[in-house]
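Read from first to last, the chains carry the letters A, B, C, D and E; within each, the first residue is number 1.
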Amino acid sequence: MIYDVFVAPFADMIEAPDFLMQVLWEGLVSGILYALIALGFVLIYRSSRIFNFAQGIMVVFAALTLVGLHAAGLPAWIAVAATLVVMFVLAVTVERVVLRPLVGQPDIILFMATIGITLFLIGFGEIIFGGENKVMITEELGIPTGDFVFEPFGGLLILQQLDVTVVIVAALLVCALLAFLNFTRMGRAIRALGDDHQAALSVGISLQTIWVLVWFIAGIIALVTGIAWGARAGVSFALEVIAYKALPVLMLGGLESITGAIVGGLMIGVLEKVFEIYWGQPLLGGNTETWFAFVLALIVLLFRPQGLFGERIIERV
Amino acid sequence: QELYAPNLAYRTGPFAATGIPLMNGQADYFTLLNERDGGIGGVKINFDECETGYSTEQGVECYEKTKARAIVTQPWSTGITLQVLPKTNVDEIPILAPGYGFSPMADGRVFQWAFNIPSSYWDGASMILNYIEQEDGDLEGKKVAFLHLDHPFGKEPLPFMEAKAEEKGFELLPIPVGLKEMQNQSAQWLQIRRERPDYVVMWGWGAMNAGAITEAVKTRYPMENFYGVWWASHDADLNLVGEDGAGYKAISWSYPNLEAPLIADLKEHVIDAGLSQTNEEEMQGVFYNRGLVISMILAEGIRAAQEEFGEAEITPTQLRWGLENLEITDARLEELGMTGMVPPFSTSCADHTGHSGGWMLEWDGEQFQKVSDHLMPETEVISALEKQAAQEYADSNAPWPVNEECNVGG
Amino acid sequence: MLDASETQAETLLEVNNIEVIYNHVILVLKGVSLSVKEGGITALLGGNGAGKTTTLKAISNLLHSERGEVTKGSILYRGERVQHLDPAALVKKGVIQVMEGRHCFGHLTVEENLRTGAYTRRDGKGAIEADLDMVYTYFPRLKERRRSQAGYTSGGEQQMCAIGRALMSRPETILLDEPSMGLAPQLVEQIFEIVRAVNEGEGVSFLLAEQNTNVALRYAHAGYILENGRVVMEGTAQALRENDDVKEFYLGVSDEGRRSFRNVRSYRRRKRWLS
Amino acid sequence: MKDTEGYVTADGRQIGGVLMEMRNITLRFGGVVAINGISFDIREGEIRAIIGPNGAGKSSMLNIISGFYTPSEGEVLYRGERRPAMKPYEVARMGVARTFQNIALFEGMTVLDNVMTGRLTHMHAGTLSQALWFGRARDEEMENREKVERVIDFLEIQNIRKTPVGRLPYGLKKRVELARALAAEPSLLLLDEPMAGMNVEEKEDMSRFILDVNDEFGTTICLIEHDMGVVMDLSDRVVVMDYGRKIGDGVPDEVRRSQDVIDAYLGVPH
Amino acid sequence: MLYRTAGQFKTSYQADQALFPVRQDAILLGVILIFAWVVLPMTASEFAFQTMLIPVLIYALAAMGLNILTGYAGQLSLGTGAFMGVGAYACYKMVTLMPWMNPVVAILLAGVFSAGVGVAFGIPSLRIKGFYLAIATLAAQFFLVWLFEKWAWLYNYNASGAIQVPNLDMFGLWVSGPQAASVTQYYLVLGVVTLMTLLCINLTRGNLGRTWKATRDMDIAAELIGINLMKSKLTAFAISSYVVGVAGAMYVFMWKGAAEPNVFDIPLSFQVLFIAIIGGLGSILGNFLGAILIVGLPVALNLLPNALGIPISSATVEHLNVMIVGALIIFFLIIEPHGLARLWALIREKLIVWPFPY
């Protein structure tokens, strides 16, 4: 028993290093994809303390719109532009219809409202796009689909070019976001809004503008995520469940932190894969990925209640 | 004047992709009967759908809503089937669950009201194993990975597979895929890569199949050693990988015969009349055609009952008789214009499945091709297992009414 | 500002007979009218719950997020109706509110807090830096604490931060809600001195809600007394200071001079002008 | 004043022995030294004021007394004995009640319920009894309700009993907070700027309440206040803090004349 | 002035703390009880029992449990579904291991197990707050559902992995399993729910209720006035999970008849959370209002096109359904973020001053 838990897995790792590398790479790639969803969450949370549950469905919605527009005859890149317009309209609508009337309500109410948005988008999306699984227009967008094959330690390591692209794009996106939040006036206003609506209003920060902006950026992130996930697994509403994976990522990294989303995403992606392969499958009957991330996040939170990179919770009287 | 045969359809939710072609096929068949023949035996069939989204909860609601008038219930998910199974004893409505549900339902003595015609999952598993042995020789010492949805449906064939593994001496490696992992199966496929099984048998559904097939291509698993159940033979899933998926096989008890007179009739009376939701591409797929076969089974049941009882407006109980006395021979199939779309089979009071057997289909890069002759499951072994499981079910749900008259024939 | 010029000054802000209702049922302001002269300091006095804060929020349009609404009357700024502007637009017009109870951005540093004050400004980095220096000269303590998160500064520091933040927007009119609350006496004087300096030096007009009547009337030019959602008295600061009722109830002086808090032996029943 | 005898105030009240003594308290937050080696005591029955400029560490001192902060150095003695590290609720159960600088009422509850929470430390009925609303729970509820009503009458907030506190104006909230603290029948009452944001009239009312509590129940009071009039009139002894250090301690008159205090805090002689 | 409260003076504290200080409320309640206990069971169809009456009661109970935790004690939980599952599985194991056990006793005991599990997952709440706490409950949610799937002992090694409710009788009447009549099950559910509601009302208006609310509104201040936060939070978790567990046991035993593990997955948690929030956090009445709305809405929407004779396909109806439910959630939140219960209170306030506007 003790041997199975503490020795055998490591022995396995050393025995087949190429396989371990493959596991790490797969973990890394899923981690990046989780992180991308988490990024959208973080941005919105920062600016409004809204825990935007709809981020997951926005991913699906963006991807479906893209594929749908392309199917309707638009060239790939025009379809991307048109999708961005759709995401902008969505941001404006959400702000007008949902956020504006709910300004200043408790967090949980807004959280609920985003679940309302999620349901609405699911229904709306299915009416428009139908429920069939669709193929992402990977090639049309010029995303490479081949693979790189390496033979480290005489073994086999396969890297999908698609995954490599995703990793690069995600890295660029994160840098851009970090710069935006920390070095711009808007960035500061976004952080201020998260602290105190009323005060932000009183100094002339316009909630409307910032919220539309933030939801639009979240929409862009959703599109990128949608393309990346869609290219791997096809586009359908079943994708929506991956949104749940973003939750532990957020908690682990800290709700307000971009860095946290990335580090949390990678940690969870890699560790859950390693745990599943070396412990979960042999010892626990597999499928531990459903809960591992949550338990990991929980354990980390016990030591750091605001997550690894979250803002310290101010407790004063 | 009509017969109400509602369908608990799922054109929404995570499994909609697979549901839609099936539902379209089912609906079109009845539309055809209504349009071309004026229904069955002179009565039109009301084939309304009640949407479940594959959710058990909504399925039960649909069942409750429709059961007052319905002559049959078609629950369309193993979860819903399990839930309504005990209720039908009280409500006396036949459940028609073609090719899904609970394999022991084959035992008509215990499950008087439930039918999984023409093949059960255990049949399917058995045919796959037989085919492998027939093609590649003995399974002894081989390793078979059983990749399945972690859900009642996916676990359904496990008892049979376990029994077989013991008997034939191969190593069975069950690999569950959680409902939330369907689209992200890299862990499962890493495991497959590590374990290097000789065969992968997949009990997948909905988005899981597409996920598995793409991962298989990615990890370079030899496609010709990859087998799926009939619900994993959806053309759209394979279209995702196209050429790379060539060699993938799935067992099936139905097959599209585009030359069949039925198809021509459909085009004429249904499609061109604008009464269908399907499209050209979908019509050629395995699932749409399976939908047709499923409706045919129901229609034949109704017809049999009408003939037996001499009434056009049959009751649910009469329909049960009809479904228990199906006689789908090659000749009958020809009359129906469905030659080659389903193997011939017959049911009885004791045998609610019919054990039609099926064909192995293979993806050639563009579509599924029949690559085998008519395959048959090991009916003996299976029915013994079925009897035992059915009895266990009845015992744990006592008092459970049993149809003792069925003992004849066995 | 001289008293003489005050009477001629233009009316900057005019509130006409407004009614405010919270939550659709709680009527808080029952017809409040007041006007603020350009370049003046106008005090809004009154007991707890009189409706001072509500009046200020009605003007700056911050009621909405508290489920309050102005149901009657009008608010004019420079003769233009401003009721339906959003708060940001009002800030652009030069009206900014310092909210009661500080409301600093807890996770931002003091300096970042000040900088958000300049959010609506478009006059370049240099001007903003200059104003930052100005604020630091007014509030040296803020300079010391400028790298701390505002959430961890003391009450007084937060008050300074909030006022400083408002100054950073280069406003024309500041609505100041209870600036003296929780401040050390020395600081109260200081803040009012700053208010006066800003008023005189930069020509900013103030509408000031205060409980500390004593100080407020020393610095203000005109005042309104609010009770129970109604204006019960108005006049120049001078006149108010000399009114007997104001002396008795708001300044705590009687004929013998300041009363000791220890010697008030009976609970006082508040005298109401109305209702 | 290390004696246990106490002293007699100018207006003739007898003050008892030392109730709480702070010895060499230092409190640091990261690099910030909020309190730097301060010692003082609070005697039974007296009204003790803490004054000092903003950010001097007054509230932090109250937080130490009520157990919310643990001092980095130094110790707190309660009735002459060293008080071990305690959770805030344990301190409260010892009879220390307080109000807060930034009002900390339970916004979602009515005034009555808020004040009733003050009596939690006196109620012990079990869950079952409460669920059934029978026996002990019910009797306790009635007894305590009566006590609470007395506090409510005393503070003249009868007419807002059933109002949710979120809707109250600032001044009334302060009063409700006082009511909640009083309902606990504490032996030591800590008041953090109880009169901030009030006008003279209301301050007079509040002063009366404080004096009466002290008088009638002999409750020891430690208060922080910026209104010098109030402090000088009400308190028996005053501690003056300035950026974490103690710069004065004594009777009001003494403090008021100290040059250090004038420089650091008062600005002008009061 | 239909709704007069003036003139109803209270002469004792006891009277003032009676459950319904205003006479009209008591009358209204009486009418509702008569409806629930007499009129509805006599008139309802099988369909109504199965799709409205029984689920409304069970969901309301689950929401009440959640409301104690989230609405009263302020601890956000997204794991209600799993705790319901614990109740259901516990009940299933009890009645299959001890077939002689009275089903009602089994249902009430099942709650004890979920209370235990609830407390275990509540322990992190001592350190973790707000949305971060949601993670602890989500961990419970996903871990428990996984366990329901993997731990075959829980479902008696059934091939399908689902639990199947056996036929159980009480005093010669079938109360669960396919043989049970809906009316019987309805009365049983109604009885349990009525009892639980009464207990919950008492708990929430008493001392414990105030402790919870204080913890919710401002936990630091609560601790400083003498509340042991650990005790307060853990009792909330325990009692909440107990109620939720009982609701879960009834969900399977009195309504569904069978359940696979993923029935208890996160959509169920959300469903219950919707009810609690739309109904009104921190309100007992709200749970019932919320349940009627959330359970009734899809049923009504499904019946509507038929009733109007509009020919749309069932799939479109379902899509529209999801869309409309989503939109209505937003709509109700905007109308009154504090839920239907508050809306009702507001109407009452208006009625009190009626016919004057304020």
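Everything that follows uses one rule, which is that a residue touches a chain if its C-beta (ideal position, glycine included) is under 8 Å from a C-beta of that chain, and two chains touch if they have at least 3 such contacts.
Going by UniProt, the chains are A, E = ABC transporter permease; C, D = Branched-chain amino acid ABC transporter ATP-binding protein.
Remember, predicted model here, so these are calculated numbers, not experimental data.
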item	value
Chains touching both chain A (ABC transporter permease) and chain B	E
Maximum centroid distance from chain A (ABC transporter permease), chain identifier (CA atoms)	D
Computed distance of Cα centres, chain E (ABC transporter permease) from chain D, in Å	42
Whole-Å gap between the CA centroids of chain A (ABC transporter permease) and chain C	45
Rounded Å distance between chain C and chain E (ABC transporter permease), as computed from the means of their C-alpha atoms	48
Where chain A (ABC transporter permease) and chain E (ABC transporter permease) are represented by their mean Cα positions, the distance between them in whole Å	32
Chain D, residues touching no fewer than two other chains	59, 68, 100-102, 104
Multi-partner residues of chain C (at least 2 other chains)	26, 152
Chain A (ABC transporter permease), residues touching no fewer than two other chains	126, 244, 285, 287, 290, 316-317
Interface residues, chain B side, partner chain E (ABC transporter permease) - complex	9, 11-12, 48-51, 53, 55-58, 60-61, 64-65, 68, 78-79, 82-83, 85-87, 89-90, 102, 104, 150-152, 155-156, 158-159, 176, 178-179, 277, 389, 393, 396-399
Touching residues on chain E (ABC transporter permease), where the partner in the complex is chain C	346, 349-350, 353, 358
Chain C residues within the chain A (ABC transporter permease) interface of the complex	60, 62, 64-66, 86-88, 90-92, 96-99, 103-108, 112-113, 115-117, 119-120, 149, 151-152, 162, 165-166, 169
Complex interface listing, chain D residues touching chain E (ABC transporter permease)	66-68, 87-89, 92-93, 97-98, 100, 104-109, 113, 116-118, 120-121, 123, 125, 127, 130-133, 137, 140-142, 145-146, 149, 180-181, 184
Residues of chain C that touch chain E (ABC transporter permease) when the two form their complex	21, 23-27
